[in-house]
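Quick one: the structure is below, questions incoming.
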Amino acid sequence: MTAVTHVLPYLVAVWIFLIGCYGLATSRNLIHAVGCLSVCQAATYVLLLAVGYRDGATAPVFSDVEPGSRPVVDPVVQALALTDVVVGATVTALLLALVVQVAKRHGTVDPDELSELRG
Amino acid sequence: MNGWILAATVALGAGAGATLWGVATGPLRRRVVAQNLSTALACLVLLLLAQGYDRPSYVDLALVLALLGPVGTLVFARLLADDLAEDPPRAWGPTYLVVGAGAAVVTALCVATGPSRASAKLLVVGALLIGGNVVASRALSGGFSGLRRG
Amino acid sequence: MADAVIIVALLLVAAAATTAVLVRDPVRQALVLAVLGVLLAVLFTTLQAPDVGLSQLAVGSALTPLLLLLTVRKVRRRGRKEGPRR
Amino acid sequence: MNRRIRLWLVAVAGTALAALLVAACLDLPDFGGDRHPYGDRAVDASLARHTANTVASVNFDQRAFDTLGELTVLFAAVVGCVVLLRQTRDEHRARPEPEPVARPVRRYALAVLPVALLTGLYVIAHGQLSPGGGFQGGVVAATALHLLYLGADYRALERVRPLGLYEAGDAVAVSAYLVTGLAGLIGATAFLANTLLPYGTFNTLSSGGTVPLLNAAVGMEVACAVVVLLARFLDQAVEIEDPTGKGSGTP
Amino acid sequence: MDDLLPLLVALPLLGAAVLVAGGRLVPRLVAESVACAVSAGTAALALVLLLNCSPPMVEWAGGWVPVNGRSVGIVLVGDGPGLGMAALASLLTLAALAYSWRYFDEPPRGHAGSFPALVLLFQAGMCGFALAGDLFNAFVWFELMSVVAYALTGHRVEEARAVQGALTFAVVNSLGAYCLLMGIALLYARTGELAMTQIGRGLDRAAGPDGPDVLVLAAFVLVLTGLLVKAAAVPFHFWLPDAHAVAPTPVCMVLSGVMVELGAYGVWRVYGTVFAGPGGIPAADFERALTVLGALTAAVGAILCWYQRHLKRLLAYSTVAHMGLFLLGIGVLKPEADDGIALYLLGHAGVKAALFACAGILLDRYGSVDEHALRGRARELRGVAVLFTLGALGLAGLPPFGTALGKSITEEAVGGPLTVLYVLATAVTAGAVLRVAARVFLGLGPPPENGDAYETTGSGERPETRHRLGRIPDSMKAVPAVLLAGVLAVGVGPGFADVVAHAVNEAGSGGVLVASVHWTPAGILLGLASTALAVGLAAVAVTRPKLLAPAWALPLRRLQSGHVGDYVAWLLVGAAVLGALALPGVLGS
């Protein structure tokens, strides 16, 4: 049991990433594809935070606990994940803006029907 | 592990599992209700976890979720009003269940913390959670009744 | 044993992510993504990252669904009016 | 490439990649391990500078240069969306009809709006103390503003949303962050150095030197950015009509 | 002096913020002047720092200098290659801004500053990435660079192709960025550090006597996937022709001239600082991976380049081919090759930007970039014809262009069959460009018949100016001329090559100081040979169009389907192949 729990978070991150890639590759709708891309990104959050976790520790926020009284988890990965969340949200917005324009100019959001760029 | 975390685990496993199933299958009207319930449930779980980890500052998450969860549901209710108009969701049963559970959890937490600023915050969260859920259910069941155009 | 809640949250997140990919209709996917966002926030809280959980809540519960649904609405509004060009 | 070949490619390559990544996971340090050298140093550095929320200290002091990049990504995305979702020459605008909203929903929206705005400000202001900060609070405040659209009317939202002001606010907030950084370069030792201001008393609103300043700049930037971003999408979804549908906006 | 490194990022950012804040109040002329001034100022600062970069500068952002060798801050590294790339990016940005001076289509109402502001943000992202000494910081600037590039590529939203190309670009590059981030997370898990040199040391410490394990391999694969997507290595390259063919011309100049090259620079930097130690990826495996991918990239890029009739798409494929050559040069891990690649990269940036500038002139004058449709129509543009032909010859590596110097040094360093590949790839891409020049500017050869309907033609493109240009503005002709003069200066400037070589080797993977780099008789002969081959190919193609268009390449062309799902599938394949190529070192030790 413990052997599994020691790697489970990492495996979950890998699974989320790959399933997101699968969805992206097989998507029939560009809006759905953007959603799948944000699923892929969720994998990076999970991996980062799993890496920074420490057993029995609490958040490195000392507004309501005494510094040093309890072990704390790694704050650096949290800062990285925070940056990542922001970046992910903005990329999603930009991609959706492009999807809106694709829908306008091509009249479809099905990647199978986009045939302007070939060869 | 203490009782609070155990309660949170059970609520998460059973409740969130059920709402995930609800949001993944069935007609659209069931899915929006399930999405609404999942935010309410997550809010309760966050409250329980804050108490379980003995970190009052975690309550901020529940506060934000109690505010934004119903807003998210309003987004769906408003922008899917056309799709929902033919077949409006009626989900007062689960709504009252969650409202009841919310009231119970907030009361229990207030008793555990005792009268203080923290319990005042808890009461605010509880009020927002309950009010938000009732309104969100109302919005789903015809709050933007299908009169809209374009 | 305190890990139990983490494991439950992890499994739920994995299930929600899988569902979000397998649900092909963008509107329904937006609903699942909203649930995924909230579940991620709970997971982050159990991993003792309330800051990240809070930003995930802020983004995932209302902002991303709103953006997705506005896009869907724009795309559909076109479709209703004239149908695809080709 | 047809769908079946693509699926095969994804299956084969995905399996190979999965094998590699799973094997890598087995080599990772166990989940919950105790070795976090950088994290421990960061906690010490944060406490030395009287910042209660270590994550805020990492974001706005130790790795403030990263946050500058993050801020700029958001800023760039906003400018990009403004450009991409502009009204082109062949499009025109149609005023949206007011939409009926049930009374309890409207009342709730109007009642919660100030609460949500306050919560947003609270989350920003306590960024260096408790969980939260400029980014989270900014998003909450900006989302709250859109309760006007959700619960009341698009026009009500437009009245409280002079877009030009928000765009300028976005840019001004980025400049404020940069100017604070440059002040560090000129007045102290390095770009974004947090050595100019007193560190204050631990666990109070004014603690942490420049951390609250940068935090506030980020909060303002994010709030303005989200408002502008959503405004562009709302414009497209509600107001802007397509070139081909001239004249007859609605069916 | 070290303190000033972050200014290379901060200055353009401040300029962009000012432009956005004040853009609606000031006329267009003011906005563009401010942008040019800021960009030029940054470029000047980069050059000044570059002249003082020996010994390499190191700056800790926020003043978090290390205590006991450890810091909690972010390190910026201002060595020769880093500052060189920053200077190159700044100069090309300046060229792009000068090129678009009063030429570019009207900005959206009330947003006069938005295009120049985006370009400045792009410059900041590129400078930040070039200077990053911290892996996560590199990721952040990488993302900034990408986000701005997506927006700029889709800038002409009325064009169906532009928005599709931008979307493909955005999806593939974002996925690549997430791979990079996963790799960073794995490295952080192993070493607990984020600064590149610290990660490298951490890997060496953590590795047992057996050398690297699968974790290191996976991190290597993920990080390299992210960077190679940016560098457009086969099979990660599909987004590049789609995006570069549709982006506005000034943006193409920067994208092809320096952004893609930053991907290769990233590979060089990350391998040298993170994975080169005993705990990293053995040199033989890195060599194998990059040689295979680089050779494939050069071959595929050159072949597909030959088949294009859409002029900008042709130039985009030539960029792919050259990226293959750069990766080959980096892959052999020899200091001489690094010197050669640095010079080649400088020369290529100038040549490619100049060629795109000429293509933009054609587009705005005639409303088309189709080789067949333009046949003989541009006879009147003598000056542009000369510039275009010179650019093509530079691409082929005709001495004394800087490209030729860099290419010959690299060719001698790699040796053997790879030298042949260098000559062939440059000859084919340059031959394709010369063929276009002969048809478009001279109207030579029989009118080509319309081939299969599968390919993207260059007709149906709209000019980027409000109206078709009657007269070409001087600024549009001056920019390519200055760029080509710069390339020439790289080749003939006395001592310039030595300065570059010194800067590269001081920071480089080897650390060995090579005696001197200069023209050699063999190098000149190789350059002349590839030029002659290119001219010959072009001559045959123009006079006997059927002879040099065999059908066997059609399946290869069909892979470029414009379908996002396909590109994602290929990305996964590429990552798996990368893993397979680097696997022996992990298993064997």
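Some points to look at:
Here the chain labels run A, B, C, D and E in written order, and each chain numbers its own residues starting at 1.
Throughout what follows, a residue touches a chain if its C-beta (ideal position, glycine included) is under 8 Å from a C-beta of that chain, and two chains touch if they have at least 3 such contacts.
This one's a predicted model, so the numbers in the text were calculated from it and none came from an experiment.
Separation of chain C from chain E in touch steps, taking the shortest path, is 2. Counting steps between touching chains, the shortest path from chain C to chain D takes 1. The chains that touch chain B as well as chain C are A, D.
The chain with its C-alpha centre at the largest distance from the centre of chain E is B.
The two chains most heavily joined by C-beta contacts are D-E.
Chain A and chain D have CA centres that are 16 Å apart. Taking each chain's centre as the average of its CA atoms, chain A and chain C sit 10 Å apart.
Mean C-alpha positions place chain B and chain E at a centre distance of 50 Å.
Per-chain Cα centroids separate chain A from chain B by 24 Å. Across the assembly, chain A contributes residues 5, 8-9, 17, 21-22, 25-27, 34, 43, 50-53, 55, 58-59, 61, 63-64, 72-73, 76-78, 80, 82-83, 85-87, 90-91, 93-94, 96, 98-101, 104, 106, 112 that each touch 2 or more other chains. Multi-chain contact residues, meaning those touching two or more other chains, occur in chain E at positions 136, 140, 143, 147, 150-151, 154, 157-158, 186, 188-189, 194, 558, 561, 563, 565-566, 568-569, 572. Shared interface positions of chain C, i.e. residues touching 2 or more other chains, are given as 2-3, 30, 48, 50-51, 53-55, 57-59, 62-63, 66-67, 70-74, 77-78, 82. Of all possible chain pairings, those that touch are A-B, A-C, A-D, A-E, B-C, B-D, C-D, D-E. On chain E, the positions that touch chain A within their shared complex are 136, 140, 143, 147, 150-151, 154, 157-161, 163-168, 170-171, 174-175, 178, 181-182, 185-186, 188-189, 194, 241-242, 245-246, 304, 307-308, 454-456, 557-558, 560-566, 568-569, 571-572. Chain B makes touch with chain A in their complex at residues 53, 55-58. Within the complex formed with chain A, the residues of chain C that make contact are 2-3, 6-7, 10-11, 13-14, 17-18, 20-22, 24-26, 29-30, 33, 36, 40, 43-44, 47-52, 55-56, 59, 63-64, 67-68, 71-72, 74-75, 78, 82-86.
Against chain D, in their complex, chain E makes its touches with residues 3, 6-7, 9-10, 13-14, 16-18, 20-21, 24, 59-64, 70, 72-74, 76, 108-111, 114-115, 117-118, 121, 124-125, 128, 136-137, 140-141, 143-144, 147-148, 150-152, 154-155, 157-158, 186, 188-190, 192-194, 213-215, 217-219, 221, 558-559, 561, 563, 565-566, 568-570, 572-573, 575-576, 579-580.
Residues 3, 6-7, 10, 14, 17-18, 21-22, 25-26, 28, 30-34, 36, 38-39, 42-43, 46-47, 52-55, 57-59, 63, 66-67, 69-70, 73-74, 76-78, 80-81, 84-85, 126, 129-131, 135, 202-203, 222, 229, 232-233, 236, 242 of chain D are the ones that touch chain A when the two sit in their complex.
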